[in-house]
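Multiple structures follow.
Both complexes below contain chain A, partnered by chain B and then by chain C.
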Partner chain A sequence: MDITIYLQLMIGGILLGGIYALVAFGLSLIYGVVRILNFSHGTLVAIGGILASLAYTDLGLPPYVSGIALVLAFGLFGRLFFQFLLEPLSARTPKEAEIGVVLVTVGALLMMSDIAAFLAGPTPKNIPVRFDPIELGDLILSSTQVYALAGIILLTVALHFFLRYSWFGRAIRAVSQDAFGATISAIPGKTLHGNTFAFGCGLVAIAGVLYATMFPVDPYMGFSLTVKAFTIIILGGIGNLTGSLLAGILLGVVESLAAFLIGSEWAPGISIMLLLIILVVRPQGIFGGKPA
Partner chain B sequence: MKLSRVALLGMAAAAIASISAGLASSASAAPRTDKCAGPITFGTTISATGRNSTLADRWVKMTEVFETEFNKDGGIFIKECNKSLPIKIISYDDQSTPATAVTLYERLATGDNVDFFLGPDWSAVSFAVSQVVERHKIPTVMSNASAANIWTRGLKYIFGVQSTAEGWSNNYFEMLKGLSPGPKTIFFVAQDNLLTKDVVAHFSKKAEAQGIKVIGSEVFSPELKDFTALALKLRSAKPDLIYIASYDAPALPLIQQMRQMKVKANGVHEIMTTGKLIRTLGKDAEGLSGELSWLPGTKGDYSELIERVLKASDVDVMDYLWTINRLNAYLVMMQAVERAGTLDRDKVRDVLDKGTFKSPVGPITFHEGGISDVPAFTTQVQDGKAVIVAPPSVAQKPFIYPSPSWQ
Partner chain C sequence: MNGSVKANTLMPLVFVAAAAVPFVTQSYGLAFSISLLSAFILAQSWDWLDGKAGYTNLGHFAFFGVGAYAFAILSSKGVAIYWGIAAGALAAMITALVLSFPLFRLRGNYFAFATLALLPLFEILAFNLTDITKGADGIPLSLPRQINLLYGLLLGGALAAVAVSFWLDRSRFGFALKAIRNDEQVAETSGIRIFPMKCAVFMLGSAFAGFAGAIQAWYLGYIDPPTVFGLDVALIPIAMALFGGSGLIWGPLVGVLILGTVHDLLLTHLPVLQTTAYGLLVLLIGRFLPGGLLRTKLLKKVPFLASLAQEHHDFAPSFSGDLGATPLFSPNARTEDASLVLDVQGVVMRFGGNAAVNDVSLQIKPGEVIGLVGPNGSGKTTLFNCISKVYEPTSGSIVLSGQSLASKRRDEVAHLGIGRTYQNPRPFGDLTVIENIAIALMFRGRDPLHHKQALVEAGRFAEFAGIGDKLSVRADTLSLQDKKVLEFARALASAPKLLLVDEVASGLTPTEVHRFIALLRAARDQYGVTIIWVEHIFWALAEIVDRIVVLESGTKLMEGSIEEAVNNQRVQEAYFGSKGEAA
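And now, the complex of A and B:
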């Protein structure tokens, strides 16, 4: 078999994995700090992509402009969502709160999908910005994906420094490592939880915009993205952004190779198989135990 | 620990859903006692939301308009009552999901006590619903259900106005026979779905029988967005023809990435080349061939009523490719009830079993198993617009082969 085919598959997998990782960042932060498994996370990616697509095609707004607007809008949405739907559950018993979180986030997933389909239509949409592909002999690389991956790497580095050196970042890490200790150190736990949820939702908006520049997005694709994001945070370690990036790339490469070697029908199931294998063999994740 | 609790919660939800469906199915679907008190009720589900809603969401409005327009002409004359009764179509959203459709048909049978069923659409949904139909013995005219296994189980109460997967691309393959030089090789790509896999299974054999060598066959999940691997397979296989059996939405990223990866062929066929797909693909759609059931302007029985309904409900058949089958299901059922002259379900079933019914696409007769054989036209995108290229009797332009756009 031609080596360039495998090279093409590897590069395609890396580009795909980058976007998976970005989807997982927000979920990883939210779970690491607030301990909420947000099942509607992937649907927010889809809605971000749909809104950015409509902004581009109907209003002529370039993706970076709609991206900035969506980060703010999703951040505000996340804060309100947490304040009014999730935070009240903390008054319940831990078990009730846990079930309540699942019901609220799964309910949000279903409602947001249908509302988006009703308002924007169920047809897949993308942001049709096209740059000439990069051709290296038989290798054809999507310039859009290459730029997106470069952006994701920069964002990962920026987030890493932000979480390491800013007060907010240090507070997030403190709460994720020892919530009780953080509270007696005067870190306002409830406010921080709400702000982290908002921050995670803002990150999702960036993922949605970048995703829509590469692939079509539709209102019903959210759940499978959430599953991939779960897989990545298990592989990469909860709250570990570098681990998430590497895990995303690993997932992307494995999916690409599996689609070629086993068949395309198996590619979406790979994340589940990987998740199960890691949970059995190395429950702390491949890159786990080293939060940002 | 937390993950396992979540999993348990999911299992509990599934168990509750199963119990609910079981309870619903234990009720019986009683036929009406007062046979001449109108209206005659028909129950159906439409995929207004969910994955297949791109092909069906406007059918909700269309069904309401059909009911209004049909009743304007007096409804259905019932001989047994010696009067015409208006029709009432009760429709719910099945969310493109078989399990939801099953629950809703149970509700239509036992809660709404409808007289007859119409629809649903899509093979996977129809297959699941066929069990409900048989259990309650309610005659049903299904609209878009082509998978062979629906029609080969000896079920008595289901009838389908669309041909099986075996008739899907007949005109296309007939047209290929006449090409000189014709295609020598073909690569099949199917969405993981009952219908599309059936279509590929049948036409793979047909291609071989016509002397076109099948050099590849690949199935993909509708969830898949990154088609790099598949595009690479197609690029290295270098087939003369690429035949894609997929709904329009999952096919979109596939075709976009085939173009991006510079996949070449003499022709590319996608069985559901809708107006939406063509618009979204833009110039990438040029040369793509596909299938279409009917076009407005083609004269036939009830064509005026149908065009009125389509106009009032703002349905473009290029965007909603299988609309005519939906409407044909309505027309056939109305004719069957009128011919039976009664609302007795078994008598209406017998009429459906033996009769030939008028429709805009020509006469519809049900063969063994309950399926008909309504043909589809072959289309090709030429200068950005889909035109009919086969069969010759209705072709608007000649088929362009090899397609310069794909070479």
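And now, the complex of A and C:
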């Protein structure tokens, strides 16, 4: 038994998990504040990755440049998507609003992946920036992935402080705890919902670009990423950044070990199995049987 | 609309027309009809869980896939077609049973999401379990294509699905699902054991999906993972049901007919981006018609078409308005006078470090009316929640007429004879007054009524409580006062030994309060119901209570007559603050 292999797998899993956690942040933030579960969340990640990859290979734009452009573009997209397609549903009965949100975001998921496959082709793409690998004894680390992970950790810390101390952060925490109370405290609830949705979509752009520097992205991978993000927020708690980061890393490590031990073809099913198992073993874990 | 032709009478004609198809054409028209019938079975069976019980199962198609695979695997091993189809339905049912345990921990969007995640999971299983499923190669079948037989089976399945929908609208099981859709906790405290109900409707729908899947596998002669577990195909029947109108008897059929035709046009006329077009359709339905085409206001104005939009409660059983001479239910026996109705010993309810109820003991004799008072946050409602098992007490014992309530579920406690109302009324909002009360009559522990009889008897309870003129009014449109009266009538309909009444009088005018007192008195005197009444209005309590129990900060401050309570210095301090501080 070679311990190095396991160490290598663990490190690979941690890197993978970091990306998953980043995807989960946006989903968790949007759900926590706006109470909308965006089924097309992971698909946006895939689109972001594909666009960044095309920008790099066809236009020669470095990932950080395309990243900034995508954050702005996705933010604007999110704002408009929310304003014209989701916000108007809040005037309907709760059941209709719930169904409406599901259909709108699922419809967007189907459209986005189909259009992306049509325009950019269904083949996986990545951003082939490569630095020299880092060697630690027998361990070999991809420096791209190490930089990406460092970026994720930095982003988590920055996000944490932003949500804790900025006006926007305080306001959305207020709205997520008590929307009515926030409104009568002169916080513009509707605008804030739209901006949170935009903010979450902007985060997705970063996740997409980072993802494409580490792994290939294809237009149809989106939903499985959403499933992973969902498993992570159930494990880590809604709106809990640290919890999400730890849960993401746990999922990444489990996936990478499972791929090695039982075969990589099973890795995409791990998160769903994990989700079902958590629901049985720790049902009251996060929601405690309250209406979701 | 009397005398005129209603659109819903034309609906059976759709099935007659469908039955005629194989006699007219054996080519394209037949293939199209097969796809519509298959989609209809899926859409209609999906709607039982969504439209009736309120759970949106986006993974319904996965059970279609399970049925298809079960059929294909068995048929390729030489099992007869009929057995293969039966096995397909059975396999889907068993899968649903197993998945009930994790999935029904979730609600709302979470449930929708987790069920959608079943599709990729099953797809991975189908790809990877190559020994059984042949993986990506798929399973080719060389079965005789008895197309007329196949068509007949599909038509039979579709008719059976319609029959089940009608049955669900009128049956006890269907009422349980409607109660669950509205408020699961209240459904439980009304005596419904909810998990088996949810599980049963999930299994029933899945069996139909598995049946349709098995026939599809037979028809295609080949299946592989993307055909039966692909995300793009999976949502089509659901979009159809929602487009027509989920929960409406004709919703899925109308949706399938319209969207099925649209989908067919897209497939034949659009060479690329078919999924995009369908996605756009799904998105637009969600944005503009989440309640369905049949629920739109415009359509309801067209007299001919309006009948299609019949909600399940658009029928009201006749009620004469006469209470009659027979009692509403046989009064609780007075023979158990010696024993206690309720014996609460040292109950503690902790939430984290905070003891909301701290070591409370209470003994109540049959026929007593006890007033439970105390400042806000003193633990009155929490104590009610412990007794009705909404909460499981941290420690202590609760005994009802000699039976310990330890480890009893909410519905069991309700069956033993505990009825309750809620501080903020929680009627089943989208059901009528009569349905609200009838549900309690159908699911009570003592002498439960057949659903037809329950709908008639419910009128008498409504009349008794004073809302006999509002039988077919939706409960969520009632005034606060009427909602409280309805809750009382619903609780009384469960023929309780002990009735827990939570702040019925607050927010009511003195006249209305007097009416309530009269109702409570009648419940006690005519039916031998023992009552605990949480209330802040002392003059109201003074009219009826035998004893008063005062809680403060989760502990029992005192117990005695209302005069003793009013003159008790500690009670005064609890309510008005200490005299020392005031001075």
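The rule is simple: the second predicted complex is superposed on the first by the 282 of 292 C-alpha atoms of A that agree within 3 Å, B and C clash if a C-alpha of one lies under 4 Å from a C-alpha of the other, contacts with A are read in each partner's own complex, and residues count from 1 in each chain.
Note that in this section contacts are C-beta pairs under 8 Å (C-beta built on N, C-alpha and C of every residue); 3 or more make two chains touch, one makes a residue touch a chain.
Bear in mind that the values here come from a model prediction, so they are computed numbers and not experimental data.
For the combined arrangement obtained by superposing on chain A, do chain B and chain C clash, or do they fit?
Pair status: clash.
Which partner does A:276 reach: the first (chain B), the second (chain C), both, or neither?
second
With both complexes superposed on chain A, which partner does A:99 reach: first (chain B), second (chain C), both or neither?
The answer is both, since A:99 touches chain B and chain C.
Examine A:108 and indicate which partner it touches, taking first as chain B and second as chain C; both and neither are also allowed.
second
Which partner chains sit in contact with A:9 here, chain B, chain C, both or neither? Use first/second/both/neither.
A:9 contacts chain B only, not chain C.
State whether A:221 touches chain B only (first), chain C only (second), both chains, or neither.
first
Would you sort A:89 into first (chain B), second (chain C), both or neither based on which partner it touches?
A:89 sits against chain C, while chain B stays out of touch.
Run through 79-87, 223-231, 475-483 or 511-519 for chain C and report the one that clashes with chain B in the overlay.
The listed stretch with clashing C-alpha atoms is 223-231.
Both chain B and chain C touch chain A; at which residues?
Shared contact residues on chain A (touching chain B in one complex, chain C in the other): 37, 98-99, 102, 113-114, 118, 224, 263, 265, 268-269, 279.
Would you mind writing out the residues of chain B in touch with chain A in their complex?
Touching chain A: residues 2-3, 5-6, 9, 49-51, 53-54, 57, 192, 218-221, 223-230, 232-233, 236, 249, 252-253, 256, 260-262, 276, 280, 282 of chain B.
Taking the complex as given, what residues does chain A use to touch chain C?
On the chain A side, the touching residues are 36-37, 39, 85, 88-89, 92-93, 95-111, 113-115, 118, 223-224, 227, 230, 263, 265-266, 268-269, 272-273, 275-277, 279-280, 283, 287, 289, 291-292.
In the complex of these two chains, what residues of chain A are touching chain B?
2, 5, 8-9, 12-13, 16, 37, 98-99, 102, 113-114, 117-118, 121-125, 128, 133, 140, 142, 215-216, 218, 220-221, 224, 252, 255-257, 259-260, 263-265, 267-269, 279
Taking the touch rule as given, give the residues of chain C at its contact with chain A in the complex, in rising order.
It is residues 54, 56, 58, 99, 101-103, 105-114, 116-118, 120-121, 124-125, 127-128, 231-232, 235, 239, 242, 246, 272-276, 278-287, 290-291 of chain C that touch chain A.
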